[in-house]
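Handing you a structure now.
A, B and C are the chain letters, set down in written order, and residue numbers restart from 1 in every chain.
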């Protein structure tokens, strides 16, 4: 705890309730934060959170701004949840709480560009071979009304479904992830609309950075479905018909509203209504696509309807890199790199296709970067948040530059998700999401010392300190 | 039509003739066991081949078949079929291949052969005169039967009432398992497959040991009638010839590692085995030769077992086995299309097997493997007169079968198919 | 640098000729359309057959294939295939699934494409399954192994759709999953009714659009248009004669049923598929101008296949039906030339008649005979070089060309196999030396 002043006294929160609560209420950023809730949070979380006035000056740090050059020795000034200033000669205001960050490196908070963190739990066994995300999601969250069509819940908004993410958010934050794009991930096709949330503690309404962000569509058959669509071609037809239906819905209502008298009133349909922004290309769609064939298929579909789209999965995107570059299609690249099934017969030979898939997938990001395809990383069901950075490091070893890898977790992701004016780099005016590390982010030995989310400081506690962390190794696998 | 004795070929299936003697004359006789005899004769008497040669005397009263321009071959033997045990694939009422239960060594395919099956004449008219018909279900499916494809009853048809115990050897690879509730399949994990496999092997070993104890007690009581009476057990009784190594166990197996396991199992249990199917046999050819385990392979026209296998591995397997010195035969592994057996052999020849070997693979080799080479598989005096007369190379599709003799009798070339053809050809 | 590495990884099977001219010489040409040319040559330019005959002169830069002792057949066309489809060939949830299309689910990396290519198949009609009275749209593809799904589509092939009659659409031989109801229809009566109903709806759909357009012209106020419906659009194309119907069917009665329904709705059935009892009503099929695509000799696998005979193809051909022999199987497709040979044995077709069953006739049935199906000047250079007459059981394809490019070469296949095994060993070694990851409950196992 180098160079820090006076946080020691209330490190365990509950013993110093008085000290803890007061600054909270003084903060204009958290008007609804309940005393009781705050207390519960502190008790429930393993993180030792150091709260206080939200004006920080992080001095003498190496600052990796991402948007500009690296400052070998600089100061980052945070006020009221935003970055107020950054530079080599920023003067520290009198009210700022100074943290001497000499020896530490400051990065923008990391962004996990697709997850279901914070949404109702869905722990189910893996569904082999059909779900690009590697997840076998449960049924859609129940809503009061009947579900109109199978797999059709485009009206679901992640921001409305947020639950206390608990440990998961804390683990992610401890691993340097300050922001996620979270999207409904249940069994279905039109899954719903995603939200960007910060992983600070507090009421969900304060965690949401942007909502809705995109409409998420899974282009693969629903496992075990007995209803239409059951086949892949059925799914494609279903998506196309839904786009036509939504267009028709919009047209029918427009005609009706113009001249309702004497006309039959069209039916209302919240699904078709929810599809409208995406169908009008006002909202991007995120399409799941892993293999080159799937990527081509998704592109053909989206292009046919002039949708604005982002692809998620992208394991074989490198095979289509030139066209992806030309069309500037952003890819959310899974960091859950495929691994050999360990529970298989030692002499059971796998097809070359599968061996190549495993060997080539970690090289994919380097190839995309080389070609100039925009991409961001996402966790894709990684069950240990630390592997997010660790697997990005694996992509670095496979040829990706560290700068590009970092970009894919910060500004690059923010750009793809349309929040680059708020997130992704260390620039004045941006949200104060930062990670302070003891060294190079991709170095295995590097520890995360502080994480700032919305200007509030979190201090990761390694509960297993002294013991080697689970899976620590030069090539820790994706999951 | 140069055939003088054509009259004998109409409507005389299995008719008992007073003097069952025939002479095929002026034919190209492909004996398979010996050299080809150009312009040779085959004498058939009392169901057997009485004589073969360039010029052999005809018995008095024998019917003469002038086969000028034609060739005579031994009838083809398909060593792995379901002929007679199934009629219409999708209709369970017509299927008698799969009994309930895992261990049924005492069940006999012989019992369920339907001599009036339409499949029998269909196979026969293309020269297949003998088949091994076998059950499929469970682990020990039951005992196969070796039948000639002509006869009023199965008793008349049978060459060997029982011709091997069918063992579907447990696989250690697991494969995929279908979940009927969701109609989706999942890969069985190795640990689970291994558990299942080990359980299967334990059960098999335990059953075989039960059989050995049964046999031991039986032998002891034969020597000393004073010993307490032994409770009869049909299952164990049925196992005895196989435990003694007198009769072969027909092991149905396909993957390389499973073949290796089956060979090891057979060795420790001292079983005499023949492999059925064995799609990956060519990958363990040296081992098969070393252990002297024969393979009844087929169908040759199959997709490769593995994605990365050479595209023609199934077609080339007989050639690879022959090259490695493994004993083998070619089968259709069918029921309705056993008639294509010669083309299976022809395909093997197209992909590297010498043509003479291909012919042997559906005549003499399966007869040897099944232990009936003294009666079947070649044109030699004393053997059962199963003969095919063709207008050319029988492995060629365009070749026509002109006459078929089963157990010394000419059989009709009429089938359900020819009847329907004639009927609808004449539809105005 | 990195990019170059992965390009090397993909099989470069198709050999593109810079010169774009190829001369195949000294071969026996089985043209199918104009008999056999011994010691013949074929000149290929820009993927098309430029000249056929004896002693052809080739441009100096042409690639010359000396095919001495070999036989050249037009590429085999399989009129019934289900290869190269991802995520199921049946949309079995509905009795009418005309909204779905095979083209949406094509998988150009299916190894069966290569295997069939090695069996001489150059064009395949990829059909939806037979679980519905009206199934999905088909896709005619050329087996351009190594190309993308879109590049495999047979450019300009007439669109089509699968129908199915009999046991499959009435689900006779299938168990209903627990918890679900049996799907209508369950009888041949119901099958007809479903088809009639769907076509009636499609007819109404066309009328609705016509009425809307007419009204729109005269009316002042904007109108709500009818809903665009992918299923009905597809069915309407049948009624307009723009979409070929390929109907699975077995029994004579159901064949006649569909001919009646088609006549009533004013369109023609392009082909009956399987049509194992076609020989019983060959006259009616011929009169309707409908093709028949059948198996050489499969029978007895279900009740409606119990009256099948290997004489079917020959009998229908004799009665004037355009007949093809198809595979419906990735395995069977690899020896369709042999299957064709069976019609010489069963029914006495001539060599040319037999060869047509897997070349020119399926091309006619798919209405692509202006492009493929025979060795004629102007047609696509889709050719198979055999080491023996393709009606012989001993014939093995040595080279297969599509659009004048060699997509399969038996010699190169050996090298390909060696390269594959070497790469496999290398990757397995590399993986062994890399510590594996952590156990996980969630891990993508694709592709």
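Observations, loosely collected:
We take it that contacts are C-beta pairs under 8 Å (C-beta built on N, C-alpha and C of every residue); 3 or more make two chains touch, one makes a residue touch a chain.
Remember, predicted model here, so these are calculated numbers, not experimental data.
Taken chain by chain, the contacts link every pair, so each chain touches all the others. A count of C-beta contacts for the chain pairs A-B and B-C puts B-C on top.
Rounded to a whole number, the gap between the C-alpha centres of subunit A and subunit C is 44 angstrom.
Spacing of subunit A relative to subunit B, judged by their CA centroids, is 63 angstrom.
Chain centres here are Cα averages; for subunit B and subunit C they lie 35 Å apart. Counting only residues that touch two or more partner chains, subunit C has 177, 179, 420, 424. The multi-chain contact residues of subunit B, meaning those touching 2 or more other chains, are 181-183, 307-308. Of all residues in subunit A, those touching 2 or more other chains are 128, 130, 226, 341, 349, 352-353, listed in ascending order. Across the complex, subunit A is touched by residues 172-174, 179, 181-184, 186-187, 189-191, 193-194, 256-257, 306-308 of subunit B.
Residues 87-91, 118-119, 180-183, 301-304, 307-308, 310-312, 335-337, 339-340, 343, 346-347, 349-351, 395-400, 416-418, 420-421, 424-425, 427 of subunit B are the ones that touch subunit C when the two sit in their complex. Contact residues of subunit C toward subunit B in the complex are 111-112, 114-115, 118, 167, 172-173, 175, 177-179, 279-280, 282-283, 297-303, 305-307, 309-311, 315, 318, 330-332, 334-335, 338, 341-342, 344-347, 388, 391-396, 413, 417, 420-421, 424. Across the complex, subunit A meets subunit B through its residues 128, 130, 223-224, 226, 341, 343-345, 347-349, 351-353. Against subunit A, the residues of subunit C that register as touching in their complex are 2-3, 6, 9-10, 85-94, 97, 99-102, 104-109, 128, 136, 148-150, 177, 179-180, 221-225, 227-230, 420, 423-424, 427-428, 430-431, 434-447.
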